[in-house]
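Some structures are shown below for you to check.
Both complexes shown next keep chain A, but they swap its partner, so chain B is in the first and chain C is in the second.
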Partner chain A sequence: MSATASAIRAVAWPLLGVAIVLGVWQIGVMVSGVAHYLLPPPSAIARAMWESRDMLTAAMGRTALGAAIGFICAAAAGILLGSVIALIPLLRRSLYPLATVLQMVPVVAVAPLLQLWVDNGLPMAILSAAIVALFPVLAATIDGQASVDPGLRELFKLYGASPLRRWWKLDFPWSVPATVTGLRIAAGLAVIGAVVGEFVSGYGGTRAPLGIVIQAAMRDARTDLVFAAVALTTVVGFALFGAISFVGWLLVSRWHASAVNESEDQR
Partner chain B sequence: MWRSVVVAAATFLCLHVGCDQSKDGSATPAAAMVRVQLNWVPEPEFGGIFAAQQDGLYSAAGLDVDIRKGGSQVPVAQLVASGQADFGVMTAEDVLTLRDRGGDLVAVFAIFQENPTGFLLHESNPITTIEQLWTSSSTVAVDANPPFVRLLNAKYGGKDLKMVPYTGALAGFLASEDAVQQCFITAEPVECRLRGVPTRVLSVATVFNPYAAVLATSAASAAKRPQVVEAFVRATSEGWRRYFAEPAKYNPGIAALNPSMSLEAMNIAAEMERPLIVPADGSPIGSMRLERWQQLERELAQVGTIESGRMPSAGVLWSAPVGTASGATATTP
Partner chain C sequence: MTREPPILQFDRVAREFSGGVRAVDGVTLSLAPGSFTALIGPSGCGKTTLLRLVARLDSPTAGRVEAGEATVSQSVCFQDPRLLPWRRVVDNVALPLELAGVPLAERHASALDVLQAAGLAHASRMLPAQLSGGMRMRVALARALVTQPQVLLLDEPCSAVDEFTRMQLDTEILRTWRTCGATTLLVTHSVSEAVWLADRVVVMAKGRVHADHVVQVERAERDRGGAAFIGEVEHCMRLLAAASGAASNGKAA
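For the complex of A and B:
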């Protein structure tokens, strides 16, 4: 099968699934007669999206910025911290449990607290996004580097490689596939974190990000606009996820079993 | 045989489902289940409702009332219109906005005659009027784009103002001398006073003064159970009369449900809210005038919350159908 046909097939099935869900939703709302302020049909959501396209696009840009910066901070901190923790056994034993606690902290609950420490608007969205996105990257990096083949590690030892050189030449490259998986998970979480931060301290009026658009639309009983804004948060999440997947594919597609197997499955 | 089965089934249903057995053996109708959704946590602004429940006025009227606390994100109007709550406390603009969207709500009782919404500032803040506030570059914690913000934007611009979500918490306000936040003039300022924090309050009522809290129900529900609406309104009205006669008697019960507001603050708030709730013209507590709903309708159309030309205020006031006892408070004077 050609690469083009394979790509079309990869896109066609998810699109068909989405079309079926939207069709059932549209018909279900029309047949049941449920009030649109409770559950609008997809056509009403599309209309709201089109009519408010300027405002929604600007809001999406603000949310995407907060999520992306938060994600980049979490990715950098997660890979750096994860590598240090994996490299030093004492730190792994003492800090890893603490890092696990980070995952348990509900960002919704601590967001009002964060508001006391950082500025409203973008800084709050970035911090909130970074907090929820950090753990998956950290855990994946640590696990990836801790699962290096012991035989290869012995080989580096045999050749007298320093710990730092072993990390650069063996541990870090070995952990890339796992880290990319962590980054993919973190991409979606970063958007959720950014929106939670916006719920607490996003600017309103003409500077509103999607989190505030959702709140204002909910207040106005504009359920169609709420759905439209929520749909756009998923677009931001997909964009981040797609970008990370692409970078990950560039990094591992030539040699890692996961990419090679997937490519063979598609033949 | 079939007759025996039917009688037995009816007896079972009467005993276990639909009727209560009184002590003398006679069957009485079961209390009507009534779910009341508040739009905020229990506070003196709902004093009459809690007083009616604490004194058993609802159960005496044949109502089994379940009061559900709310919060800033609870969509009370939608919950009531969809039948997930029987009555809800909401703003008059919530009622008209949802009616404009197709929700068939009717207002049965106005809690606040005067709008208690305001802006809370530290006393050290040089801003002394809403106009100064709206032309400043302050950061203001306020609900997400409510009609009064749009009205103020239309009047004063507010281009430099930075609006952030209002969560109801005081921590952010107390942490910064420059902080400004939306408030109920009977709630947050009182808490600040008790904590020794000097504040200033700018009332929104000077520019926007609809019924800030009304009890509403769905028109379908009201048509189906007019006696329930009648009984609920009557008991609530009596609850407010009792509450204002002796707020300190009822506030401990409310305070037990809301640890974030002290009993002392509730007692002060009850006195402060009295002139905002008891109509100045001597009409009964809960009364509403259609002209004020029409005025609100014009304001909502002006700021684009509802479309001009539609008239969601038409039929917004519930009136007891002919044949039931007259509701003292629900509609026009």
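For the complex of A and C:
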């Protein structure tokens, strides 16, 4: 099968799945006669999306900005901290359990505290997104660097490599596939974090992001607009996830078993 | 006649692991410069542990491994190729030089020379995933040679390849030994491989040297696979069988 045909197949199956779900939803709402303010049909959501397209596009841009900056901060901090923790066994033993416990704290619970430390608005969305996205990157980086093939470690010992050189030439590149997996998870979480930050900080007016649009639409009983905004948060998450997946594919597709196996499965 | 001092000397070397397991138990051996020695013996007899002690990947719990000179450079080729999957073949081969701080152009030139000699120049820009198992082992052997070591340690480099690739690798090992003149210590399970390659076969059992046999057959006779070669193989087989018997009696006791 050619590369184009397998690419079409890779896109066609998920699209078919979405089309089936939307079709069942539309027909289900029409047949059951459920009130549209409780569950609007996909056609009503599409109409609301079209009618409010300017406002929704601007809101999506603001949410995407908060999520993306938060994600980049989390990625940089997670990779840096994870590498330091993985490199120093004492830190791995002392800090890793603490990080695991801290990630159990729901961001919604600490969001009011965050208001004390940063301004409402975009800074709040960025911080909230970064906090939620940090742990998957940190954990994946530590696990990736801790799982280096012992045989390769031995090889570097044989050649007298210093710990820092071994980290740069072996541990870090070895952990890239695991870190990319952590980044992909973090991409989705960053959008959730950004929306939570928006909910809490409540900035609005002409600069309202999707989180505020959702809250305002709920107050106005515009369930169709709520669904439209929710759908757009998914688009933001998917775009971030897709971008990271693409970068990850560029980095590891030529040599890592996960990418090789994936392409073989598609044949 | 003057006798050259040994390049490596094992003086009552022992390695005991936790639980009182003695993998190596009082081995005394000396290796002459430029010699080719094969270590054979039943599984768990301490061959690989002995090789790791030479490579300084482990330390003896008793005795000493001494080098004949102040600094003896050495390289190891392991059972598995241990290549970095994200690096091209040439970069993998150049790795020991890179870690030693050799400039890029110089180390690439050295790596390409070694690959050329091994008939792998065409694969220099490939990634390990694009190579066959046998080619990966040959790349690993090239990497072990790029530093031009005085001592080459081979830990069953042919154990995971098919018979045809094993023959190719053995020919490569022999060519390397002849051209580089490195003192070579080969750990192997194959008696015929040991006799074909080495000029001395050391049989180990229960961490000790059970027999130390000098191969008397000329190279041409070995290549022909003639009666003298087969006789040597059979002799070493008998030594190995006796060593295996000693090991299993020891276990039974």
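Annotations
Going forward, the second predicted complex is superposed on the first by the 266 of 267 C-alpha atoms of A that agree within 3 Å, B and C clash if a C-alpha of one lies under 4 Å from a C-alpha of the other, contacts with A are read in each partner's own complex, and residues count from 1 in each chain.
As a convention for this text, a contact is a pair of C-beta atoms (placed from the backbone, for glycine too) under 8 Å apart; a residue touches a chain by one contact, two chains touch by 3 or more.
Given the structure is predicted, the values throughout are model-derived calculations rather than measurements.
In the superposition on chain A, contact of A:Pro173 is made with chain C only, not with chain B. Within the superposed three-chain model, A:Lys157 lies in touch with chain C and out of touch with chain B [touch as defined at top].
Shared-chain residue A:Arg165: touches chain C; no touch with chain B.
In the superposition on chain A, A:Gly202 makes contact with chain B only, while chain C stays out of contact range. Of the two partner chains placed by superposition, only chain C is touched by A:Arg254; chain B is not.
When the shared chain is aligned, chain B comes close enough to touch A:Tyr37, but chain C does not. Touching more residues of chain A than its counterpart among chain B and chain C is B. On chain A, the surface touched by chain B in one complex and the surface touched by chain C in the other have no residue in common. By the touch rule above, chain B contacts chain A in their complex via residues 73, 75, 77-78, 81-82, 94, 97-98, 101-103, 139, 142-146, 149, 153, 158, 161-165, 167, 169, 171-172, 175, 305. Residue ranges of chain A in contact with chain B, taken from their complex: 35-38, 112, 115-116, 120-121, 199-205, 207-208, 212, 215-216, 218-223.
Put simply, chain A touches chain C in their complex at residues 149, 151-152, 154-161, 165, 169-170, 173, 176, 252, 254-256, 260.
Those residues of chain C that touch chain A in the shared complex are 55-57, 76, 78, 80, 82, 84-86, 95-96, 98-100, 127-129.
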